[in-house]
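Going by the order they are written in, the chains are A, B, C and D; count residues from 1 in each one.
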Amino acid sequence: MAGFDKVVSCYEEAMQGLEDGMTVIAGGFGLCGIPENLITEIQRRGTRELTIVSNNCGVDDFGLGLLLKDRQVKKMVSSYVGENRVFEKQMLSGELEVELTPQGTLAEKMRAGGAGIPAFYTATGYGTKVGEGKPVGVFNDRNYILEEAITGDFAIVKAWKGDRYGNLIYRHTAQNFNPMAATAGRITVAEVEEIVEPGELNPAHIHTPGIYVDRMIQGTFEKRIEQRLVREI
Amino acid sequence: MALTREQIAMRVARELQDGFYVNLGIGIPTLVANCVPKGMDVMLQSENGLLGIGPYPTEVQVDADMINAGKATVTAVKGASIVSSSDSFAMIRGGHIDLTVLGAFEVDVLGNIASYMIPGRMVKGMGGAMDLVAGADNIIVTMTHASKHGESKLLNRCTLPLTGVGCIKKVVSDLAYVEIADGKFWLKERAPGVSVDQIVSLTKGELVVPDVVPEMQF
Amino acid sequence: MAGFDKVVSCYEEAMQGLEDGMTVIAGGFGLCGIPENLITEIQRRGTRELTIVSNNCGVDDFGLGLLLKDRQVKKMVSSYVGENRVFEKQMLSGELEVELTPQGTLAEKMRAGGAGIPAFYTATGYGTKVGEGKPVGVFNDRNYILEEAITGDFAIVKAWKGDRYGNLIYRHTAQNFNPMAATAGRITVAEVEEIVEPGELNPAHIHTPGIYVDRMIQGTFEKRIEQRLVREI
Amino acid sequence: MALTREQIAMRVARELQDGFYVNLGIGIPTLVANCVPKGMDVMLQSENGLLGIGPYPTEVQVDADMINAGKATVTAVKGASIVSSSDSFAMIRGGHIDLTVLGAFEVDVLGNIASYMIPGRMVKGMGGAMDLVAGADNIIVTMTHASKHGESKLLNRCTLPLTGVGCIKKVVSDLAYVEIADGKFWLKERAPGVSVDQIVSLTKGELVVPDVVPEMQF
């Protein structure tokens, strides 16, 4: 099935077509399950004025923090950016625009973007800064705000295993935002730890069907840990 | 004496029931996990997609792909399930979590909560807190009753940007257990050795004080 | 973990609390993955005036068709009922109220009900009978209608394997509507082919986390096939 | 000669491209699966949750848990994935299907389609058809050009209850290949041996006829 082989040979090819001013949706939670090498490739390309949609913004010297450091980001849409000091500096100076979005709303906005749902109501954020200026709907005597879907020019995700058709399986909690991000990109690029042949993944275990994946590449990953907590014994 | 962080957690743990699915915020709420009564089982949810948080890993179990919502390495219990962020927040937003425990800067008599942002301070973001307070029916806020400077955190109206409106019904502070209903705080229990007067003086929001305020037992 | 053991010993206990006039959401597509025995138990109980939410309504002598036959159903919310002749008779006589709902909208309404989304916009049905009387929203120059979530007093689902905590795995295309149905019941009852011990199911393979399941029972299933098509060789 | 059902499917198949994800409705659209050009690969989606429909099973492969949207037993190809109905319709509603082929009772010059309900006849329901026509950018309708009684099914305005509005751009009938744009039908190809006059006489909606109408080759 040649037409379904999503594997590309290098990171440059993986991010081909990324241009200044585009919106990139990235999977990952903290530094867990982030598309490390695709981010590095964006850094290498020096693409600017990007809007990045991601739950977090990496740390100062790893993950999406690298793009902040190089001033490639115009706007971040995130729920929590507390681990990144460069972030605050750029925000206070007005260089960086920030749209703080509740974590569940962010996940749902990505899912909606991929699923052709242009907007949905949620109680999350009603009566807060997040709800300001958004339409309010009342259902069963409760107030909800209308949140619009997010789609991106690119979506970049990191999976554990992927078959050549782009079917993806995530490992443990490295799943997080990746499945929704994968659905919401006009071009979705996945990097994986291991490429397998079609048929090797159980159809019922696939988290992201290949229909969402346009390009796939095998990478090696640092997988940095933010909070290494261990117990004795 | 004001409750210690551990005692606050112990008091919160009395609200647990066997078979509860529970989401614990960072800080004092996390300590509740150590206070689950013997013979009772609760399952802890982590909003990054883990239902069934286990203990921290041993050195050899450490796995960068297995973290909790605080981004710390963690393990899973037997019978755990792992889902995407949207499925995880479907549990939260859909009201399937039996108890949510989280910290706050301020709460008020209307059940409003401010917990994510102090203007002028480092911007961090709300993470999953807005979803949690909007999704849960049963929320316990843990906090010190007043700031270090003696300013009450239980107010008639929150002064900081809100995390949620009308969603908080129970507060366990270091001085008292307080419920919120009908636009008032209701004093239910006091910390051992803490006087009602002391609580009243540190509660800026309207507080209803019954004739007898039982002392918490530990 | 006694508090998490969802297993009940008999079908009567599984459907305890079902009362006249309640709403029951049922998983299944056609006769595939339907909670056969839970449906039979509803028939046995003789509960009446039910609102049933299910993509299809079984056939005349199997599945939800049994409840129609016994006149237990006041209203059906379905996308396709073409396999059931009793259905039409009752509808034409005015006995049975029917809310035809597009299949994808039905699935999404159940998901929304379980996920605390009271309503969402979709292009599906705009400009048709389905859209009549529903609010219209315009996003990116396209018209959408607002669809409200569905929840039920009971949800009944059928899974392949379930552990005692109610974690469920569906088999092949018998998954269909079951995962969404499971999230949308105030009381969710699952019947499974096999009960296993917690820990036997891989956490990443679980389709329905036990948090959604209140009661579980092991059953035996006829698994009737509607269209048996085979090829030679 | 009017096209046979198989020829209609063959004509539709020329719109396929290597690597297309395709949803085929029941009836003539299903036949398109047999007409995929050699060396070209398409993956068929079934809206009950199967991406990667394989051939019908052998007697021994028959499995009640493995069916397609027509409720018929089926198999999966290598590299298939199986998802829930909501995830399946996310693919459809989100516009991820490259081509959708489905039947209709009527289409009109505005791209409206009526395909699920004839008042007075047995109520069946729309199944996934409304989602499919609202979700796809690239839809081909297959139908006979006129009813058995010679009544055109290509109209200025559909008379039956609509399945979707403004969503159809291509029709392959037994007489012609017609595109819809700017509120008109545009005659693009005619079936072998079918005259332009015949098509014009059986097309009730406004039809633009170019000077040359190529004949389909089979």
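FYI, contacts are C-beta pairs under 8 Å (C-beta built on N, C-alpha and C of every residue); 3 or more make two chains touch, one makes a residue touch a chain.
Values in this document were obtained by computation on a predicted structure and should not be read as measured data.
Undergrad: I want to compare two interfaces, A-B and A-D. Which one has more contacting C-beta pairs?
TA: Of A-B and A-D, more C-beta pairs in contact link A-B.
Undergrad: Distance-wise, how many Å sit between the C-alpha centres of subunit A and subunit C, to the nearest whole number?
TA: 32
Undergrad: So the centre of each chain is just the mean of its C-alpha atoms; given that, what is the distance between subunit A and subunit B in Å?
TA: Once rounded, the distance between the two centres reads 29 Å.
Undergrad: With chain centres taken as the means of their Cα atoms, state the distance from subunit B to subunit C in Å.
TA: Distance between chain centres: 35 Å.
Undergrad: Which subunit A residues reach two or more other chains?
TA: 108, 111, 115-117, 122-123, 171-172, 175, 203-204, 207
Undergrad: Return the residues of subunit D touching two or more other chains; collapse runs of consecutive numbers into ranges.
TA: Residues 76, 82-83, 89, 92-93, 135.
Undergrad: When you check every pair of chains, which ones turn out to touch?
TA: After working through each pair, the chains in contact turn out to be A-B, A-C, A-D, B-C, C-D.
Undergrad: Can you list the subunit C residues touching subunit D in their complex?
TA: Those in contact with subunit D are residues 29-33, 55, 78-83, 87-88, 91, 98, 100, 102-108, 110-111, 122-130, 160, 171-180, 207, 223-233.
Undergrad: Please output the residues of subunit A touching subunit C within their complex, sorted ascending.
TA: 108, 112, 115-123, 137, 139-140, 142, 144, 148, 169-172, 175, 203-205, 207
Undergrad: Using the touch definition up top, name the residues of subunit A that touch subunit D in the complex.
TA: The touching residues are 1-4, 111, 113-117, 163-165, 167, 183, 198-199, 203-204, 206, 209-212.
Undergrad: List the residues on subunit B that touch subunit C in their complex, please.
TA: Residue list for subunit B touching subunit C: 17-21, 40-43, 45, 51-52, 76, 78-83, 87, 89-97, 135.
Undergrad: Across the complex, what residues on subunit D touch subunit C?
TA: Touch list, subunit D to subunit C: 46-50, 55-59, 61-68, 70-74, 76, 82-86, 88-89, 92-93, 112, 117, 122-131, 134-135, 161-166.
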